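The structure appears right after this line, and notes come after that.
Chain naming follows the written order as A, B, C, D and E, and within any one chain the residues start at number 1.
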Amino acid sequence: MPNSGHIKVPIGPQHPALKEPESFLLTLDGEKIIHMGVRLGYNHRGIEKACEARSYIQCIYLIERVCGICSHSHSTAFVQAVEEVAGLELPRRALYIRTLIGELERIHSHLLWLGVAGHEIGFDTLLMYTWRDREVVMDLLASLTGNRVNYGLNTIGGVRRDVSEEQKQEILKAIDILEERTKYYVTVATEEITLIQRLSGVGVVSHDDAVRLAAVGPTARASSVERDVRRDDPYAAYGELDFKVVTSDHNDVYGRTLVRVGELMESFSLVRQVVKNMPDGPVTIKAPRKIPAGEALSRYEAPRGEDVHYVRGNGSEKPERVKVRAPTLANVQAVAHMLKDRYLADMAIVVAAIDPCFSCTDRLISVAGAGGRDIMTWDQVRAHGIEWYRRSGVDFTELNRTFSTGEAK
Amino acid sequence: MRWPGKMVRQVLFSVVRKPATEQYPFAKAPQCERFRGKLAFYAEKCIGCKLCMRDCPADAIEIVKVGDKQFEAHIDMAKCIYCAQCVDSCPKKALEATQDYELAQLTRERLKLVYHAKPPVVPAADNKPEEVAPKS
Amino acid sequence: MSEEETAQTLLQDQFPFLAGKISIQRARRIWAEVPAESVRQVFDFAVDRLKFNQLCTITGLDEGENLAVIYHLAREIGATLNLHTVVPKANPVLYTVSDRFPAADCYERELVDLLGFKVEGLPPGHRYPLPDNWPAGQFPLRKDWDAAILEGIPDKESDNA
Amino acid sequence: MTAGSVLYSLFYMLIFPGFLFLVVFALAAEYIDRKLHAKLQNRVGPPWFQPLADLIKLAAKEDLIPSNVDPLLFRITPLVALAATVTAFFYLPLWSTTAPFHFTGDLIVVLYLLTIPTVTFFLAGWYSRSVFSMLGAARCIMQLFAYEIPLFLSILAPALLANTWSLSGMAAFYALHPAYAALNVIGLLVAMVSLLGKLEKVPFDIPEAETEIVAGSFTEYSGRLLAIFRLAIGIEMVVGASLIAAVFLPFGLNYGPVAGFALYLAKILAIVCVLALSRTLFARLRIDQMINFCWQVAAPVAFAQLLIDLLVKGVLKS
Amino acid sequence: MKLVEKIVTWARIKSPWILHFNTGACNACDIEIIAALTPRYDLERFGVQLKGTPRHADVLVCSGPVTRQIKDRLLRIYEQMAEPKFVVAVGTCACSGGVFKGCYNVTSGIDSVLPVSAYIPGCPASPNAIIDGVVKLLTSLEAKEEVAAVKPQISGELGPQET
């Protein structure tokens, strides 16, 4: 492609690289990206408003579906806030079970990410193998909670399902398999040269930029920003467990990969600890239907970063206000920064590298692009194409008719 | 010099290994017993407290009074999110989440499920509602 | 003296009008009622001196005749400081903090669109988060708002936000 | 030229080993490729009739032609691609030392015939007038410049050694002195890599990188035209493999047709398997990485091959 | 002629290429759809291939309640697909809006925008359920008149077949 004249490429809302309807408008100079506008909001459903019209119990299931991949994170963050407002003291066993599911969810999410990352750089074999092994943890979650995704485990005042002894054995067995497999992926990720070539040096965010742009989760930790709510603001059972915050100083996609793989290993040890010291006792306490007036802020370290939930009750069955801040919103600020002067080929992996979960992000918001027209209709794309030809000397104006697909020739 | 193709051993091994693929739908693996599938309703147990309707996040279930102490359930499987909150809420265990997940249908109407109340004379021998052929 | 109490006393020494307005809900949760006119000073003090250098989010509330906003500030390790301030619904004016935290930009635009705040000093940009064909003067998160207003509006994706 | 010979050539072109045979062969090759790919990924993979079903289904679908493209060009490019690949096949000695049609210098013709499909991909994408197609087209051409040189160099070497520009002549030469074929191992490797690039398979599937530019040149194509393109690509795979087999693996060409045919199939099968393996093992390169690789690694290596053969030739002369 | 039609139908049933479009779902259904393509479930057994462009696809697999923002785009993508084309609604939200019913920015289900040929309920629909749905759709194409292929439910009475 001649480097004369910039071309605008709309990526999404429907695009193979994005499993979710989001739209990035890349301004290309040849293969180089010189500007990127992002538009979210295709997933904007208006959940926060809907919560105010639903009872707390119904809200749990609605909030859980803010995002399907980190469903447990959102529902836990929500019920934590509600329980704090209601002043409920939870049985420790319930807290441990929440932690257990949370860590299993992290495992499934990170394995999923590894596969998607492989897919984005055309390494489908990695996708196939990681997702094959991910089924182990999916089965585990299914047998523990009753569903592969959207577990519906949390309820106000505890958890709905207990963990039996033989299930504990299952868990330990599965964790052993997964750990061994993960070790293998570590070697692949650190030695497969075509992989490293595509990952290292891509999507760089320096430590200072990461702090300034308020990145969270693995994205921040890969720029050696030590942020992990599990340690900074312990919830559930994390106060009583020991784990270390995995960071990396690569600052790039490769670093994010290493961080996630490292966190997988941490999660395995955490799960083992939880299973080992899980206290006995009830898993739930009676919770009132009416939650007293009051407010609470709840933070939760989701696989993608920090979830922030704010709940205010007004003594009725329905919340007065529910506010959700999903990790991707904090991170999406960084993406445009990462993509500057990168190749089009890197776009997919860079966007994937923050492990975007736009459906969380969009539960209420939609980021307008940083300047410029955001997403182009096909007509606009064509207009661009033709304009761009004229600049390179060819005139196709007479062909610039509106785009109609229906006709069969 | 590092050579590409680190996964080669693993990959070649899978040629001789049996694929990880399940044979579904030709051979059906059993679901885990906690699985939350299609809802079953036992009319003879229902007391019409309608707690299920009250707690359902997607108002997918409706309990209709058809006679004195007789209730029937109208469940819209297209609305149900299979969270089984109603099962937990029901004080009389009149609802149960079955293992049945093969719910796909070609029309929306086919997803509406109606459990008729039994006439009280029939003893509640088995907990299955009567089998009724789909009316066409 | 615990971390929270230290922060509390420091804040009260700096700003006498905060006396009795600061409550420690539980470990790592500090709530403060700040009058609208001085919220920015308190905010800067908390960020610069007390090292609450992470803005979790900004929550907007509809409290009947008033609108309220809560700045959730967090430390790298430990406590969270929540600055709650109230502005009259008739003239809900705030001052931006996006110069301190770039991420605050979209949080504040959210307040503007969903609750009808007027945020001064906000850098020019597209309306956000609602689509362009959203009717003017409609703020979905206000209590008196009714979704029925949307019936007439064509469902189109806004091509140029 | 008698009627008999005309009929013979017609049969040769259309039935065996001409178009029909090629189609069947290409479908079979695609099936082997996909099935092995799946097996390598520990999956079951498609049933044996899958490529055929895909082909028929596409042929039975409606063609959508964007109203702002040149319909003629849009329709004709797939046919050109198909024709070029099929024609190239006739100059390849398959199971005997002589190809059905041959003249001195047919090597060059074959190489250029094999370039035509790529050019048609470029045209197809460029005139589809959608951003992704145009990007795909641009990448097609870039990649063409990257892999053609190593491919030509690597095939030039054996030709020099055999001292002929005719594939049949080369086949005859290596049939006489099989030992010399062993000299061209390096060339074989380079040629395989270039073939990957030509067939746009991972790690060189940059022009149709799904996660970046949807489907590259073919983004706007549908129905019958897409079917023809897919067929052309499938045949290109077979022809490319046959070329490599003819140039670098000229064994068992004079054991008579049956054994020769069996051996030929075996060679193609082996090459297809290697392609499938490589597409399983590697991640996609970026266009710049690909070009650097071809120019800084592949081309010099091919050149080394050339020198080796020249030296050997000098030794032979003296 | 009859034979040709037979062959074509056979080919259509044996190679359904799908285009996955998230119309505002929570990702759960989406990851399950991808999971259905990975080794354990491997939809390619049925000739299913995931395609990137509407041009190549035969089946549009939608997940999620249709948000106001996406509605346009959904229609446009459907228009770009070549006949014959089918729409499959995966997941409860896609079937009816499900738990998001009443949120101010969602409409109710895919069938409020497009004609849907198969509904796969479930939240999310598990890969097996998705395979089941795909198979039911394909078999229905085989046995031209649609509902014949669907087995009656095990217990309870279903609604009318056609209205």
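The definition used in the following text is that a residue touches a chain if its C-beta (ideal position, glycine included) is under 8 Å from a C-beta of that chain, and two chains touch if they have at least 3 such contacts.
The model shown is predicted, which means the values in this text are computed figures rather than measured ones.
Between subunit A and subunit E, the least number of touching-chain steps is 1. Think of each touching pair as a link: the shortest run of links from subunit C to subunit E has 1 of them.
Centrality annotation: A (chain centre taken as mean Cα position, compared with the mean over all protein Cα atoms). Note: the chain lying farthest from subunit D is C, by mean C-alpha position. Two chain pairs are in question, A-C and B-E; the one with more C-beta pairs in contact is B-E.
Set against the C-alpha centre of subunit E, every other chain centre is closer than that of C.
Our note on geometry: subunit C versus subunit D, Cα centroid distance of 63 Å, whole angstroms. Remark: subunit B and subunit C have CA centroids separated by 44 Å (rounded to whole angstrom).
Rounded to whole angstrom, the centroid-to-centroid distance between subunit D and subunit E, based on C-alpha atoms, equals 37 Å.
The multi-chain contact residues of subunit E, meaning those touching 2 or more other chains, are 38-40, 42, 45, 52, 69-70, 73, 80, 82-83, 99, 104, 123, 126. Residue positions of subunit B with contacts to 2 or more other chains are 4-5, 7, 11, 19-21, 57-58, 81-83. Among all residues of subunit A, those that touch two or more other chains are 13, 15-16, 41-42, 44, 46, 49, 61-62, 65, 125-126, 128-129, 132, 147, 150, 192, 194, 366, 378, 405, 408. Those chain pairs judged to touch are A-B, A-C, A-D, A-E, B-D, B-E, C-E, D-E. Within the complex, the subunit E residues that touch subunit B are 39-42, 45, 92, 95-99, 101, 109, 111, 116-123, 126, 128-129, 131-133, 135-137, 140, 146-147, 149-150, 152-163. Within the complex formed with subunit A, the subunit D residues making contact are 40-43, 62-71, 129-132, 134-135, 138, 202-203, 205-206, 209-214, 280-289. Partner subunit C is touched in their complex by these residues of subunit E: 68-73, 104, 107.
On the side of subunit A, the complex with subunit E involves touching residues 13-16, 19-21, 41-47, 49-50, 53, 61-62, 65-69, 71, 112, 115, 127-129, 131-132, 134-135, 138, 147-150, 357, 359, 366, 378, 405-406, 408. Those residues of subunit A that touch subunit B in the shared complex are 54-55, 57-58, 60-62, 65, 125-126, 129, 132, 139, 142-147, 150, 152, 155, 160-161, 184, 187-188, 191-194.
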